[in-house]
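Listed below are the structures to be examined.
In the two assemblies presented below, subunit A is common to both, partnered first by subunit B and then by subunit C.
And then the complex of A and B:
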C-alpha cells in the first residue's frame, strides 16, 4: 500500500475505531485511486455512524426484552450426555437463571480438560489421568459398615476390588481415616478397620455421627470432581468431568491451561479474574440460547455481562446484586422486597433524585429516555 | 386360615379364602346375596375383602364360564322380543356388577372370539371403555383418545333443549336453541339416553374449504340466509331476584315505585315500566338503566334517623336495575316467599340471540371455531346440484389434530341425509366407512365425498373439488353478546382513582407492566405518560416542608397542614397512586419530603 494512502486512512482515526482502520488497510487493494479510497472511507464512516446507538435509546430494556422474549420459548429441560458415565447437563431456562443470578452453587458444574501434547494422544494415559483426578471418598470403597452399639465400635470392611483398582492399601486408608477421627481408637486387621469410641459409653450418637463423617473423607483425586469421562475430540483426547475445580486442576502439570474450560463462572472469576468471567457469562448464555435453537444478538449479552461485571466482582441480576446498586429507592423497591428498601431508606433519610425510568413511571412523569430525554433551554425571567 | 374384612373391618376367618370367595359369588349369582355386594380375594396377603358400602363405582359385565359367555343367542332373542329385560339377566346370573376390588380377581375379555378358559367376564360392548359423554362422539374409534375427551367437553357447553320444564325454571345464564334437531349420525348412546328429546344441535351442510381467509385459525363461515331461516338461533335467559328484607327495629324493605325524595332516586324515565306494586309487567322491553323491581330500604344507620327525624326522606333506593350492556324482554315474573317468610320477587329476562360474528360453534369432534363472517347466500359457493353450504369449515383444522372422525361424520351425514336414515357411528361397532362410501357411490356421488363447486361471486367452476356433506353442529354457550366490552371513560375506584376492572364494572383494559416496557423500549416517553394519565392529579406542595397541603377554595388560599398558609405552595402533577403511596408512608411514620425544583 502506498504511504500516502496509509496516511490518508490514518486521517480517519478520529472517526473510526482502530480495528476498522486496520481492517481497511488489510482489504483495500493496493492500486486503488485516491478518489475511490475517499468514497470507500466515507461509505464505511456512514455505515459506522448508522450502526451506533442513538442517544436516549433504551438499550437496557431492549436487551431485557430481546433476552426475555425468546426465553419464554425455552424448555425446562435438563438433558443427558450419552456416555459410559452419564453426565447430566442443566440447560434452558434453569441454566439461564443460574447464570444471570450468579449462583454460587450451580446445579451441574462441568469441566473440559485438555492435556498437553504428549499426554493427549494416548487413551491409556488419558484414562489414567482421569482416574487420578476423580475424587474418591471412603464411602465408595467400603463394602460394609457395621456398628456395635454395645462396644461403641464401628467396623469398616473395605472392598478388595476397589482397593485394587485404586492401587491403595488398607493402611493408607486407615491413616486418612485416623486423621479425621480424633476421638476414636483405630485398629487395622486385614481389610477391616475398627474404630472404638474413647469417651463415655452412653454416647450412641457419636458412633453414628462418625460413620457419616467417614463416608465423606477424601482418599484420592481432586475435590469436587465427581465423575470423569475421557472422550476423543478430533485427534486428541480430552477429559469431561462432572464437578469442577479449576484452581486445583490448573496446578496439574499435564493440563493445557490455555484450553481448559469450566462452566462455573464464579470459579473463573476467582482464578482468572473479572474479564474472563465476563467472557464466560456471554459464552455460557449463548451456549444455552444456541442449544435451544434461538437467536439473541451478542450485543445484548455483552451488555448484561458488562452490567454484571462492572463492579469488579460478578453480581447477579438479583435484589442482592445488580438491583441493589440502583441509586433510586423507588426503583429498588419496585423490584423485590419493597418494604425492606423503604424502611431502610427512611432510616437514613435517603434522597431519590428521580433520574431513572421506574421512578418516573410511578410518579407519572415523562421518563428520561427517547422523547423524554431532551430538555428545553430557555431564559427564565 | 384367611381373614375376612367386611367394609374394611375385621369380621372373622374362614378355612380357605379362595373357595369362600367362589362360593360367595355363586350365592350372589343365585340371588341369595345382593348384587350390590362385592368380594375380593387378595392372594398376596391371603385376605378377603367384602364391600357393601355406598359410593363404590360398579359396572356391569357378562359372566363367562369355561370360556363361554353366559349370554346366549336365546337371551338375545328374548330381549328383542321383549320377553325379558336387563334386570332379568342380572337376576339369572348372566350379568353382574363388579367394583374396582373384584375386578382385580377377574379377567375380562372384549369379545366372544377371544375368550379362553381363564376369562371370567366379558364386556357388554367394546365401547364401554368410554363413558357416557365420550360415547357421544361419533366414529370415535378413528381418533386419538385426547380428541374424544375434547369432543365430549365441547358438547357439554352446547345449547339445546336442556329441560322440558324450562318455562318454570329460574336457571341462571341458560339458553335454549330454537329448532333443535336429532343428529343424522349418532351412536347407540343417543338412543339409550333419550337424546332425540333433548337435542343440542342442528344438522348443517358443511363444505371443507377456504373462503377468502375468513375461516383461518379455526374460524367458521356461516350462510347468512341459513341464519335468517333460523339456524342456530337461541334464546338467552337471565333471571334476577330481590327480597323484601326485614331489619331490626321493625324496619323493612318496601316494594313500589320510590318517591322522588328517596336518597339515590333515579330518573322518572327509569321507572316507567313499573306497575303500581313496583314490579315490572311481562313482555316489557327493557334496556340498560331501566328498573325491573322498584324497592326502597331503610337508612343504613339508625343514628342518622334519630338526628334528623325525617324517616321518609332518609330511605334508600335499592331497586333492581339493568346493568351496563344488559337488555331484553321480561319473560316471566314470579312472586313468592323465601324460607324466612320474606317476599321474594324473581324476574326472568329473555333475549333472542341470532348468530353473529364471534359466536362459537363446534362439531362433535373437538373441532370448535368462531364465526368469522356471515356470507350472503348469493356469494357462497354452490355445487353442481345447487347445494349451498350452511357452514364452511377450514381444512387446516384437520392435519395437526387428526380428527378423522370429523371427516367420516361428514360422509356419514351425507349418506344419511340422502337415504333418509340415521347412521350408526357407535364406537368400534357402527356402520363401516367402506360401506358408507359405497352407498354414496350408489347414490350417484363420488365416493370420496367431494363435489364440483362453483364460486358464487364469479360463477366460475372451482379448480379443486370440495369435500361437502352433512354434519351435526352445536352452538356453544360462549356468545360475543355476553362478552363484548369496551370503555373510553367510565367508573374509577374510590381508593386509587384508577379505572375499575372487569366487564361487570365497566372497567378499563389494563396496560400492564410488560406493555409499559414496550413504550419504554421505543423511547415513547410522552406517549407512555399519556397512557398512564388515568389517575393524574394536581396537588399543592409546601415548599417549606415538602408535604402535600390543600387548596381552600372558600377563603381562596392554599394551606400547608404543617406550616400554615403563609408559606410558598406550588402545584405539581403526579399520579394519584403515588400520592396515596406518600400518604401510606406517613401512616408508617416516614416523612416523605418532596423537594421541588423547576423543570426547565
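And then the complex of A and C:
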C-alpha cells in the first residue's frame, strides 16, 4: 500500500479502534484512489458509530441474560474421562459459580508451568524439575512408624526407595524433623530416626501428638503443589500441577515467569495485581464457556469482569461482594436477605435516593434507562 | 530473584497520568477522581510508578474486540 494511504488511514486513529484500522489496511486494495478511500473510511466510521451501544442502554441486563441463558444448557457436573492421565479440573457450572463468587478456596487449583528454553525440550530435565517442585511430606517417605509408650519413643523407618527417588539422605530428613520437635531427643541410625521425649514419662499423648505433626513436615518442594504432570504442548514440555502457589513458583530460576498461569484468581490478584485478575476472570470464564461448546460474546464477560474489579479488589457477584456496593437500600434488599438490609438501614437512618433501576421498579416509577433516562426541559411561556 | 509483575502475560501496561493529563481527562468526562474505578496503592502492578493517593493510572489493555483499549483507575489507600 502507498505510504500516503497508510498515513491517511492512520488519521482515523482517534475515531476507530486499532483493530479495525489494521483490518482496513489489510483489506483495502493497493490501487485504491484517495477519493474512494475516503468514502470507504467514512462508511466504516458510520457503521462503527451505529454499532456502538447507545447511552441509556441497559447493558447489565443484556449481559446477565446472555450469560444466564447459555448457562442453563451447561452440563451440571464434570466429565470423568476414564484412563486419561490429566489433572482433574472443575469445569462447567460449578467452576463458573466459583469464579463469579470469587471463592477464596477453589476446588481444584491448578497451574501450568512453562520453562525457559534449555529446560523445556528435554523430558528428563522436565521430569526432574517436576519432582523438585512437588511438595513431599515426611509422612510420604516413612514406611513405618513405631511408638513405644514405655520408653516414650517414636521410631521412624524411612523407605529406601522414596529416599533414593527424591535424592535425599536420612540425615537431611532428620535435620528437618529435629527443627520441628524441640521437646524430643533425636538419634539417627541407618535409615531409622528415633525420637525420645525429654519431659515427664507419664504423658502419653505427647508421643502420639508428635507423630501426627511429623507426618506433615515438608521435606521438599513447594507448598501447595500436590501433584505434578509433565506434558508435551506442541514443541515444548510444560508441567501441569494440581495445587497452586504462584508466588513461589515465579521465584524459581528455571521457569518462564511471563507465561505461567494458574486458575486461582485470588492468587493472581495478590501476585500480579487487579488488572491481571480482571484478565484472568475473563480467560477462565471463556475457557469454561468454550469447553461446554457454548458461545457467549466476549463483551458480556468484559462487563462482568470489570464490575468485579472496579473497586481495586476482586469482589464476587454475591450479597457480600458487588451487590453490597449498591447505594440503594431497596436494591440490596431485593437481592438476598431483605430483612437484614431493611433493619440495618433503618437503624442508621439510611436514605434511598432512587437513582437506579431496581428501586424504581419496586415503586412503580419510570426507571432511569433508555427513554426514562433524560429529563425533559420545557420553556414556559 | 525477584519477579517483575509487569512482564507477565496477564498484566497490561500501567502508566501514571501527569497533572495536566489528569485535569484534561476529568474535564472531558465531567467527573471527579472519586468516580473512577479504583486501584489499591499497594497493587503490585504499580511498582516503580511512584503513585500516590488520588493519582490516575492509565491502563492500556489488550482487547479481543478493539485491539487496544484504555481504562483509567484512581489510586486509593485501601
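The rule we apply is simple: the second predicted complex is superposed on the first by the 324 of 381 C-alpha atoms of A that agree within 3 Å, B and C clash if a C-alpha of one lies under 4 Å from a C-alpha of the other, contacts with A are read in each partner's own complex, and residues count from 1 in each chain.
Throughout what follows, a residue touches a chain if its C-beta (ideal position, glycine included) is under 8 Å from a C-beta of that chain, and two chains touch if they have at least 3 such contacts.
All figures in this text were calculated on a predicted structure; none of them were measured in a lab.
Peer 1: So, on subunit A, is it clash or fit between subunit B and subunit C?
Peer 2: They fit: once the shared chain is superposed, the two partners occupy separate space.
Peer 1: Would you sort A:259 into first (subunit B), second (subunit C), both or neither based on which partner it touches?
Peer 2: second
Peer 1: Name the contact category of A:373: first (subunit B only), second (subunit C only), both, or neither.
Peer 2: First partner only, subunit B.
Peer 1: Classify the contacts of A:311 with the two partner chains as first (subunit B alone), second (subunit C alone), both, or neither.
Peer 2: second
Peer 1: Counting only touches as set out at the top, which of subunit B and subunit C does A:44 meet: first, second, both, neither?
Peer 2: Neither: A:44 stays clear of subunit B and subunit C.
Peer 1: Tell me the contact category for A:93 with respect to subunit B and subunit C: first, second, both or neither.
Peer 2: In the superposition, A:93 touches no partner, neither subunit B nor subunit C.
Peer 1: Is A:362 touching anything from subunit B or subunit C once the two structures are fitted on A? First, second, both or neither.
Peer 2: first
Peer 1: Quick one: is A:280 in contact with subunit B, with subunit C, with both, or with neither? Answer first, second, both or neither.
Peer 2: A:280 sits against subunit C, while subunit B stays out of touch.
Peer 1: Classify the contacts of A:346 with the two partner chains as first (subunit B alone), second (subunit C alone), both, or neither.
Peer 2: After superposition on chain A, A:346 lies in contact with subunit B alone.
Peer 1: Please give the least Cα distance, whole angstrom, that subunit B and subunit C reach in the superposed model.
Peer 2: 23
Peer 1: Within the complex, which stretch of subunit C touches subunit A?
Peer 2: 1-3, 5, 7-12, 14, 37-40, 43-46, 59, 61, 63-69, 73, 76, 78
Peer 1: Any idea which subunit A residues touch subunit C in the complex?
Peer 2: 17-22, 250-251, 253, 257-261, 268, 270-276, 279-280, 283, 298-299, 302, 306, 309-313
Peer 1: List the residues on subunit B that touch subunit A in their complex, please.
Peer 2: The touching residues are 516-518, 520-529, 532-533, 535-536, 573-575, 577-578, 581, 585, 588, 590-591, 595, 598, 600.
Peer 1: Could you please specify the touching residues of subunit A with respect to subunit B in the complex?
Peer 2: These residues of subunit A touch subunit B: 56-58, 61-62, 64-65, 342, 346, 351, 357, 361-373, 375-378, 380.
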